[in-house]
Structures are given as structure tokens and as C-alpha cells.
Amino acid sequence: MAGPGPRPEPVLDPIWVSMRRDAREWLDREPALAGLLHGAVLDRVDFEEALGCLLAIRLEGPGVDRLLLSRMFDEAVRGDAWIVEASRADISATHERDPACTSYLEPFILFKGYQALQAHRIAHSLWHGGRRIMACYLQSRASAVFGVDIHPAARIGKGLMIDHATGVVIGETAVIGEGVSLLHGVTLGGTGKERGDRHPKIGAGTMIGANASILGNISIGCCCKIGAGSVVLTDVPDNTTYAGVPAREVGTIGGEDWPALSMNQEF
Amino acid sequence: MAGPGPRPEPVLDPIWVSMRRDAREWLDREPALAGLLHGAVLDRVDFEEALGCLLAIRLEGPGVDRLLLSRMFDEAVRGDAWIVEASRADISATHERDPACTSYLEPFILFKGYQALQAHRIAHSLWHGGRRIMACYLQSRASAVFGVDIHPAARIGKGLMIDHATGVVIGETAVIGEGVSLLHGVTLGGTGKERGDRHPKIGAGTMIGANASILGNISIGCCCKIGAGSVVLTDVPDNTTYAGVPAREVGTIGGEDWPALSMNQEF
Amino acid sequence: MAGPGPRPEPVLDPIWVSMRRDAREWLDREPALAGLLHGAVLDRVDFEEALGCLLAIRLEGPGVDRLLLSRMFDEAVRGDAWIVEASRADISATHERDPACTSYLEPFILFKGYQALQAHRIAHSLWHGGRRIMACYLQSRASAVFGVDIHPAARIGKGLMIDHATGVVIGETAVIGEGVSLLHGVTLGGTGKERGDRHPKIGAGTMIGANASILGNISIGCCCKIGAGSVVLTDVPDNTTYAGVPAREVGTIGGEDWPALSMNQEF
Amino acid sequence: MAGPGPRPEPVLDPIWVSMRRDAREWLDREPALAGLLHGAVLDRVDFEEALGCLLAIRLEGPGVDRLLLSRMFDEAVRGDAWIVEASRADISATHERDPACTSYLEPFILFKGYQALQAHRIAHSLWHGGRRIMACYLQSRASAVFGVDIHPAARIGKGLMIDHATGVVIGETAVIGEGVSLLHGVTLGGTGKERGDRHPKIGAGTMIGANASILGNISIGCCCKIGAGSVVLTDVPDNTTYAGVPAREVGTIGGEDWPALSMNQEF
Amino acid sequence: MAGPGPRPEPVLDPIWVSMRRDAREWLDREPALAGLLHGAVLDRVDFEEALGCLLAIRLEGPGVDRLLLSRMFDEAVRGDAWIVEASRADISATHERDPACTSYLEPFILFKGYQALQAHRIAHSLWHGGRRIMACYLQSRASAVFGVDIHPAARIGKGLMIDHATGVVIGETAVIGEGVSLLHGVTLGGTGKERGDRHPKIGAGTMIGANASILGNISIGCCCKIGAGSVVLTDVPDNTTYAGVPAREVGTIGGEDWPALSMNQEF
Amino acid sequence: MAGPGPRPEPVLDPIWVSMRRDAREWLDREPALAGLLHGAVLDRVDFEEALGCLLAIRLEGPGVDRLLLSRMFDEAVRGDAWIVEASRADISATHERDPACTSYLEPFILFKGYQALQAHRIAHSLWHGGRRIMACYLQSRASAVFGVDIHPAARIGKGLMIDHATGVVIGETAVIGEGVSLLHGVTLGGTGKERGDRHPKIGAGTMIGANASILGNISIGCCCKIGAGSVVLTDVPDNTTYAGVPAREVGTIGGEDWPALSMNQEF
């Protein structure tokens, strides 16, 4: 039986340590958030348990209780090292790139883009574990709760930031490289003609602006920038900026620039 | 008094029969969804009751309980044959056109586009039955819950598919023909100048791409395609593709092609 | 101890008087909304209490109870005359400009654009009162509940209407003048390069169409019109219409016209 | 489709008419109870629907939703004329005998003794319709919610009043005649020796005082009075008062006196 | 606008200061109770607000929300100095007399006897303020939630302890002196014959044992002891012990002994 | 990652196997209970997990979520072999002794006496693990939810049945031997004079009838029977029947008889 008092502090996980330190500081400043901060972070053993509980509470729905989801998420997170690695990379990505974000705690607790992405990471793991129905159920819940609709089969690299997030749609055969940034309203859509490979492939380090639509089995290169509101129907080479409806090349990206990091929306 | 055990299986309604069969298969594969599957399908007498209960649970809000809504929806669905006919055509439309959808059960249980549309069909019936306040209340709840804002007075033909659905807005005097497909973020908006007929009319078989805005009392023809992200301010003749901001003709549609069915997003 | 029976009617506040009168009329026509109408309006002492309770019920979340929020909102609303003034100007703006809106009660109870904006007004007041964490928590809840993401530091003039609202994003250093209208999907986004002043400034009386993105520290003049789906990357002079991706001048606005009022979406 | 506005008033059911009239009067005096009064009475079509909804809301539990219960209760109440007759006799009994009760509305909305008894009447009907598992589930819920544990097989005559109700236990083979009154804490318990007929039989018009235990397959006559705190292990003849541990005859009841009506607790 | 961080500590109210100190100590030892401790004590301004919120959360029910109750309770508690005085005396009484109770925080947060009594104190105040319907509603909720049924008109002196509490029933014209102790299952019942004064009067300092029933308009003296399971039908003089069914004198109480304080159950 | 489909059936635990078999049979007969049966039994890995989840759902309260409780209960149940052993003995005891109980599933899912006892077993383990505050919190929740108030320090042998359960109170220093049966309303109360050892000790195999009070640090022997409504103030030798207020010997028990098993309430 665990002894009384607070749980011992884990010491080897810098993101978790930072989150707990910030949670205690937030608690000092806003005791009214005690229930939230304890439930999401301070009463949890480690990052993995915290993530599973947070998502279970957000995603539970009629007939599917948080207890059941939390056990499933726990198994999924602990059974798939990739989820853990990616979810940490995602939180770091948001922390680094969002000028309004000053801690790891904010994306974890407050940003629905981060939370929706983690729901996808678990759904993706279930999908490949043969549990397609449950994976689609999680997709549906995330769409209802966050307004973010990511097909469980989509392959998404580590370190994705989905900023603001409302209205993002990512299709079944889409592939996203590492270190990409998406803004709200981005669509990685299919062409509908066929059932096969029909969604875009996005290169590493690329940034896609708000409400941009990338349609069909096309390739967006690495370190590209897609302007807000653009509609991209053709391949985009590395290190270029595309914009317009339909999108055309409007510039190039300097070799040292990683648009997903600099997040410069101008074109 | 009804006897013990499961209710007798209805045999004449192929969609309902298929949904129940799939629900049982899902249950075998994912017993964790038992509460959902029983509550939404397996414990229900027929499609009509199932639809009313599903929507009541999704749309209930502070001060307006699911019991009350479910009785109202039951009356509405059973009292208006059009709703029943249209809601079956809508579910078939989604089943046929969405390559990621392999059953009638998925749109019914998982797709908020389908659910939001059915909430509209009931609100529309209430609106024309003189219950405008209640109709607007349902519009408001659907906007809050699904992120889909359809004015109850809008007239929508059978067999509409709203794919992904977040951000769809359809105005008061909009008219949509049969067999249309809309993607997420589509706006059928007014011009704001007048209170009268001020929203678009969409022809049968037309597909409108993601985040496209159709503005004003204009006519989009039958079997047209409106490109993603377009802004349409003028009439569009039958069998043409329009795209751009503002949208211009960018192609024509072959006679056998029904864009809402083929769902080809390219232009 | 207050005596039995209904509370005395306040007589000096025309918006509140009108809301109560309409609530009673709605109640006569739709008794099924009794719980909603009493909870939101008829059981409340005045507009201020009603607003605080309404938002508390909408924004409560895991670990943060409506009781706690309602007391905080009450203090905020009563302690900051600006909130009260602005929230009344906002309700009037919606009432005047939305052709589908015929009462003050509708925006208050039914329109998530209005509700999300009031959540921001309180968050803004908390932000400037030094309670940044709580302000960001409210931003996060409003993003989850309404699909509207407004940074608490954004400065928003009185009489804003946010129509339909899903997908609106307003950044940290954005400034909006008085009497502006925004449609759903509008982004007032940053350029990401710097942490400093990096978001748009919108002049009084301007209207921004659905899904338009205004990016960077640029100035949109007074009484401008920004077309739906546009992406604006440059300053826009007073009384002009901009549209396109990227947006260019496509017309001018007559001196007597206030686009935010006339809400004409054409360009 | 039902027209707008309030439902037409049923005119032939005096208890229901009285309940609705009182509900409106209560509403005038305590508008804060609007949600309760509308949900339980004013939004309901008739006494039968009102009863089913009231019980569904009180008895729902983890995994068993009020929608499901309300449909089952509706069927049960409408399919078994005895329930309707008995539930009206029970409400009249409470109205007549409880000096603190001045309306039919009070027992219906406020008295858990009445509500628990109606839950039993439905469970009893299910039990005899072959649905023993569901009947036992309702017994379990009523025990959890009201603290009243009545086996579904117990046979209870019309016009029972259970005053205050906490702690009442009635066993499987107990039989209660018409017009009986029980106070809180009363046990009609078994002897445990056998599985067969092992619980008391209570004659019409008898009153059993608080915390009295009647144990075994014994007969309590008509128009008897059992003193509070008594333990009865033997038959009790008609028109007598028994009291003590174990109970002995302590008086007789005059021929015109019906102890269940006069509710005189003295002995 | 209130500044950031924790509220200032009130210094003049020793019970409240003690409760807050204990709440912080409990929080250190059991962080899992953070939501409870903050919600009930640490986020509250003073004892009065804390009491109103605690009861609102416990007593809310279908159609009657905690927000509404909390405002009503706040008004009641702040408007009736007697409630405040009595509720503090009650908490002190429990703290002094229950050997298993070592703080003021325990009765406040954990003991349903204390909570049910405070619900009565507010209901009593409403009853005498002319709000009899609301008072009866609170009685009904307390009976459902705590299993304690106290008529709002009953007059109860300060410093009552109701230990364990399940099954306690106190009638309309009952009067309880100061400093009394009741155990669970105690009934102060009527004789049913008349509508008038028909319930017991209990003298100060008296203790009534578990499951005892005192019936009719009789007087129990000061500093008496009523044995567990007794049924009292006659007056009981000061400083005597009564027990049995029916109860008879079985002993006397020494002059310095206050049975309600010493809580000796033996007789 | 666990594969799709139902979990493998554990084969070595006959009680759990029986519960699962019965749950599936119940499900066939009453599909409306699907949510309950899956949530409590069919979706759970083993008896231990099922017990923790069931109690977490029943005992959660304001500010203390089921997720948190379920993890705590899981740790407690898995960390203390005594709990597991006792909770199985308790379920067997109810199954054997209650003539109305025909399965292990009924006590587990439907009987609050069993559920309240298991809450105590966990609270007792926490108490001895030094977590007294949490233990008292669980006691408080069980008192609120089940109407059963057992001090966490009370020592209770295996194989206890608490039949009907409402109103049971067991004090801090009470000790109950193995194989005891208690009916509802039983009090094992203190004498209040001292803080030390002040509650009864109950011998193995004893049965205590409904509403009986055993008061003070006295010994009730093995295989005794205490009549319903009795008040016991003195030691009771083995194999005797005591009854009355105060209780006196009224019979002896034959050597082969185990009153807790035969459950004969007569004396």
C-alpha cells in the first residue's frame, strides 16, 4: 500500500519535472485551478499517466467512460515507445515555436492542437494494432471535442505543432515529416477518385498557413512555406513558398531557414 | 408489458438491419464500446427512435434535458415522413461517397456532419410547424456541439453529405438540391444588404470544396464543382468547375460525371 | 432574507428589460425551454449577474466548477465598467446587423460569437489585473467550447459582432477598433518572426469576410471591407475593399457606408 | 408535427389537473424551481408520462441512461392498468393522511416514499412479465437512491403511504393489503430458514410505526396498529394494537377507526 | 478587479482559520483531495461563502442548479445572523462531543449529519421568510441526499450534533433545545391525530440514542438520556434516563452530567 | 499494444468466471443493461480491477474524480492480499446466505451492503497504511452514497454479509469475527465516555437482526443471535439468543447451527 502524503518526485524526465514545477507555481498564483492542476499533473505519477488521464477526461462520451479510456490509453502509451517519444517532441515543438507559449505546461493543459494530436497518436497505434473501430471512435471524439479531424491511418512525424487547431482535417493516406507546423483550418485532403494513396505528403520543417488546403497525392517538399488560404494542387519543391488559389511559387526559403520554426506567415 | 430478452429484429428496413448487424460485429471486436452501441443502436426499436435518441444525447444542454428533446425529436421524426426519407438518403450518400466509410453505422454514430444535418432536418420541420424559437435553439446547439451552423429555414435536398463538417455555415434563404456534397468550412452566406432572399441556390449533384464561400443570392448549377478555398460571387452554369478568389470558370464537367459522387477535389 | 415569489423587475436597463420580456414570451411559446430561460435570464437579478452565470455554465471544465467561475466573473464584470459597457454594445451590434436576429435575447442565449467575445472581455480584464494564467485558462476553454481562440491581451473595441464564429483566431497584439464585424473563420494572425507587436490593427467600422486571414503587424483602415477567403499581407487604406490571395484593392466604399453595419459580403 | 406553444391541457384527470395547477402556482411563487416543475409536470402530456420521466431521472445510474429507462417505464405504465390505478391511489393516500401534505404535487415531486413505491410498482410489473433481472436492477437503484429496498415480487395493495421512507425493507413474499401506512425504518422481513413463503402478510388499513420489524410468514390483521420500534413475531388479530420487543397486544382499535388513515402513533 | 494569487487570509474567525489551516495540512498529506479542499474551503472567502457553496453542490438536483442554490444560500446565510451563529455552534458541538472527530474541518466536509442540519437551518429561515415551497424543496433534497428528513418548521436550538445521521426524522412542530445530541435513526414524530402542535419538545443537553422514537406532543426534559431503540410516549422529567419499548425511567443523571456532551450510550 | 477484440478469459478464478458467465447471460436477457454489465464486469480484466472500478464510480464526489479513485483502489486492492481474500469471502457469504441471491454477480453489482463493505476494506487498508484522511473521506462517501457508516479502523473478519444495509453504523474500535451476518439498521456503537476501546466485539458466526444496537465495549459470543430491534448493553455468551430493550437471553442455539448462515430472524 502506498504511504501517505505526496508522491515522490521523478527526477530524470526534464519535461515532466518542468511541468510539475510550473503546475505548482500556477497553483500558488491561481488556487482556483487546483482541481485542474492536481487532476492533470500534480496527482499523476509521470508524463505517461498524466497524458492518458488528460485525454480520457477530454474524450469520454456517451456510453464510453473515462475509466475505460484511461486504461486503454495507459496501455497504449506504455506499450508503444513511439507515442511517448513523439508526444514529448510535440510538446517541445510547441514550446519552441509559439511566441505566446512560455512553458511545457501550457500546451499540455491548454492547447487543443496538442491534445488532438496526442489523441491521434494513440488512435494511430490502435489502428496498427488491428483495433480500427476503436481508432475511428477516437477520431470521431477528437473531431467533436477539438474540431480536429485526423484519420487514424495518417502518418505524422515527431515534433508537429498544430497552432489554434480548429478545423484541421488530415486524410487517411497523408504523411507528414518531422518538425512540421500547421495552423488552424489546414486541410490535407484527398482527391476522392480512388480508395488508394490519395492524400498529400508533407516534407520535414514545412509550415502550412491558416486555412490552406493541400489536395491529392502530391508532395510538398522540406522546409517549404504554404501561404494562408492557399489551395495547393501540385507538387511543391523543397525550400519554396507557395501561395494563392490555386497556389503558385511566390518565393524561396533561405537554406538556414526552417519555416516551421520561424513561423513567419508572410509571403 | 414487453417480454424479457432482446427486442425482435425489424426485417424490412435494410439500412437499419445493416446498422444493427454492424453494431453487433463492432461489439464483438470492441466490447468497450458496448454502452455506445447499445444506447445508440442495439437497444432501439427502429432507425427513427435511434436517430431521435442519438440527437437528444448530443444536443442536450443546460436547462434542456435529453428526455425532453428525445420526445420532441421522436414526434418530429415520426410526424414528418420527409425527415425519415431524407435522413436515410443522407446516410446512403455518405456511405457511397466517402472512401473511408464502409458501413451505414459509421456516419450514424461517428460523423458529426451527418449528425448536424439531421439536427437541421428536425429544426427545419419545427420551423415550418411554427416553432421558430425551438428551431433556433437547435441551430444554436448544433453550432456549439458540431461547429456546424445551418439556419433552420434553409432548404436542403435529400442525399447531402457534409464531410468533416467543422465550420460549415448555411444561411436562412439558401437552397441545396438533391445529392450535393459539401466539405468542411463551406459557407453559403448572405450579402447582408437585405432581409429577403439573399443566400445561394445550389444545383443537384454539385460538390463544394473545403473552405469555399458562396455568397449572395446566386445560382450554382447542377453537377458543378467549386474548388476548395474559392469565393464565388456570381452564377455558375451547370457542369462547370469554378475556383479562385473570386472564383472563375476553370473547367467543365463531363456529362456522366456527378462531382458530388466522385468527390474529386482537383481543378 | 428575500421574500417569496419572483424578484422585482429592474426598470432602468432597456436591454435587460427587453431580454426579460422576450424570455417570458419565449417561455409562453416554448415551455420546454423553461430551464434554460429561467437559468439564464428570468432567475437573474440583472444583466451582469446573468452574463456571469451564463459564461460560468458554458466554460466550466474538468476541475474548474461553475460556482467558482461564476463568482470570479461576477467580480470581474462588476469591477470593470468597461466590460459592462462593451458587452452591451456588442449585444446591440449583433441585434442591429444580423438580419436573422430580432431580439437582444438571441445573441445572449444562442450565439456563440457573442458568448465567446464576452469570455474574452473577462479574460482581458483578468490579464490586465495580473492574472495571466487564469486569463489563458479562459482562452483555452473558449477555444474548446466555442471554437473561438482570442488571446486575452488582444484589444477589442466596443460593438464587435462575430457572426457564426467557428474558427476565429485573434492574436496577442491584435487591436480592433469600435463597431467592427467579423465572420467565422477570420484570422488576425502574427508573422511569427518576433515576440513583439506582430498582429493586425483593424479600423473602426470595418467588416472582414468569412475565412479571411489578416497576417502581421499591418493596418486595416476604417470602414474597409475584406472579402471572404482573402489573405491580407499589407496595409489597407480607409474606405477600401480588398480581396484575393494575396489581397489587392478591388473597390472603394462610399463615405456613408459602414461595411460592418451593412454586412454586404460582395466585392 | 405538433404546433407551437404549450400543450393542450388534459381535462378529465383530476389529480393531473390539480398537479398542473399547483405546479403553475409554485412556479409563480418560486421561479427558481422552473426547471424542476417544467421537467416533472408542466412539459409532460399526462400523469403517466410525468411519472415515467420523474422515475427515469431519479433512477438512472452508471451505464443505464434515463432515456432508456423512460421508454421502458412508459411502456410499463401504459401497458399495465394496475400501475396507473395504484399510483393514483398511492398519491391520494399520502395527500389524505400526511398532515404536512397539502397537494398531490408534493408527494409526486418531493416525497421519496411515494417515488420509491412507484419504482417498485414498475419493477413488480417487469418481474411478472418475466424480466426479473431488470426488476432487480430497479430494486437496487431504488435502494441506493431512496434508501428503500422492496423486493420486486412483493405484492402491495393500492393506497399505500410510506412516510419519510428511509430504511424501509420489504421482502420477496410479503403481501400488503389496501390502504396501509408504513413509516420509515419498517421491515417486513423473512425468517431465512426457507426459500418459500417467508415474509409477513399485512391486512388492509393497518399502520406500522417507525422502525418496527415484522418478521416471518405471519399475518397482521386489518386495521391494526403496530407501535414504533416493535418487533412482531406472531400473528396479530384484526383491530388490535401490538407493541414492544417482542410485540404483545397493548390495545384494541375501535371499529370505525382505520389506523392507516388516522396515523395516531401512540399506543 | 481582484489581483492575482491567493485570497488574503481572514484573521478574526477562529473556526474558519482553523478549517483553512487543517485544509492546507490535509492537502499536504493527501494532494488527491485538492479539488475537494479547494472547492469547499481554500477557494472560499469566509465560512459563510464556504457553507453556501458546500450545500449548493450537495443539494442540487434535476432542474435546480448549484449556481442558483448557492446564490440563494449566500443571501440566506448572510441575511440571517442566527444561521451563522447556529452553524458555528453546531460545528463546535460535533468537534467537542465526537471522540472520532479531531478538527472543525471533518464535520464541515465529511459529516452528513452536520451538512443536513445546515440545510435545515437555511430551509427554516426560508420558511419563516414566507418561502415555504422552497423550504420544502430543500427538505426533500436533504432527505434524498443525506437520508435526514427535518421539516423546515421544526425549531432547533444551537449546538445540535446529529451523529451518523441516516434515518433521522424530525416533525413539523418539534422543538429542540440548545446543546442536544441525536444519533442516527432518531424520530421526533407526530401522533397524526391533529394538524396542530403534535411533535416532541426536547430539553437542552439531552441525548437521544440510536433509533429511538419520541412520539407526540410530549416533553423530554433537560439533560435527559433516551436509550437506543426506545419508544417514548410520555413526558420525561429533567435529568432522567428513559429506555425501553415503551420507554420507562431506568435511571437518573447526576447534576454535573450533560448527556449530550458525555455521549454515554449505556443505560 | 493489446490486440483487437474481447480480452482473453481468465480461467483460474471461479468467482470471476461465474460473474462473467452470468453477466453475459444477463446481457442476452436484458441488453439494456449493456453499459452497466460491460463497465462493471465484461470490460474488466479480473475481479480486482472490476472491484476498483465499480467502487470508484460509486464513490466519486465533488472534486474527487473516479479516475483518481480507481487508481488508488487498484493499488490498494493489488497491494493488500487480505482485501482480495476478504472481498471474495464476502461475496460468497452473500451468495450462500441470502435466499433471494442466486449468483455472485448480484451482490457485486446490485447490493449496496456488499459494495459498502468493500469500500470499508479499502479504507481500512489505507488507514493502516497511514493515510487516515483519505480513509475518512471514503467513510464519508460510503455514508453518503450507501447510508452505511463504518469507521475505517473497525476490524471486520472475512465473510461478512450486510443485508439491505441502510442505516448500518460500525464504530472505531468495533471488531467483527469471521462469517458474521448483519441486517440493516444495525449499530455497533460506542459508549462515548472515553476515546479508547469503546465498541463491541462480535464473535464468528453471529447474526444481528435489523435495527439492533450493540453498545459499548462488550463481547457478543460466537454463533449468537441478536433479535431485531434489540439493544444489547452486556456481554452475550456463545450460542445464545438475546433480544429486547435492553436485551436479555431468550434462547440458545444448537451446536450445529450457525445463525449467520441460517439467517433465522425469529426468537
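When the chains are written out, they are named A, B, C, D, E and F in that same order, and each has its own residue count from 1.
Keep in mind that, in the parts below, a contact is a pair of C-beta atoms (placed from the backbone, for glycine too) under 8 Å apart; a residue touches a chain by one contact, two chains touch by 3 or more.
As the structure is a prediction and not an experimental result, all values here were calculated from the model.
K.L.:
For A-C, which listed pair, D-F, A-E or B-F, repeats its interface with over half of the contact pairs the same?
P.N.:
D-F
K.L.:
Applying the document's contact definition, name the chain pair with more C-beta pairs in contact, D-E or A-F.
P.N.:
Between D-E and A-F, the larger count of C-beta pairs in contact belongs to D-E.
K.L.:
Mind checking the centre-to-centre distance between subunit B and subunit D? Centres are C-alpha means, answer in whole Å.
P.N.:
Centres of subunit B and subunit D (C-alpha means) sit 47 Å apart.
K.L.:
Between subunit A and subunit B, what distance separates the C-alpha centroids? Give it in angstrom.
P.N.:
Roughly 28 Å separates the two chain centres.
K.L.:
Counting only residues that touch at least 2 other chains, which ones in subunit C make the list?
P.N.:
Only 4, 29-30, 32, 34-35, 37-39, 43, 57, 62-63, 65, 68, 131, 133-134, 147, 166-167, 185, 211, 229-230, 245 qualify.
K.L.:
Over in the complex, which subunit E residues touch subunit F? Could you list them?
P.N.:
26, 29-30, 32-40, 57-58, 97, 99-100, 106, 109-112, 145-147, 164-167, 183-185, 209-211, 227-230, 243-245, 262-267
K.L.:
In the complex, go through subunit E and note every residue touching subunit D.
P.N.:
The touching residues are 61-65, 68, 72, 131, 133-134, 136-137, 139-140, 143-144, 147, 149, 151, 166-167, 169, 171-172, 185, 187, 189-195, 198, 211-213, 215-216, 229-231, 233, 245-246.
K.L.:
Can you name the residues of subunit F that touch subunit A in the complex?
P.N.:
Listed in rising order, the residues are 1-4, 35, 39, 43, 53, 56-57, 63, 65-68, 70, 75-76, 79-80, 125-126, 128-134.
K.L.:
Name, in rising order, each residue of subunit E that touches subunit A in their complex.
P.N.:
4-7, 28-32, 34-35, 37-39, 42-43
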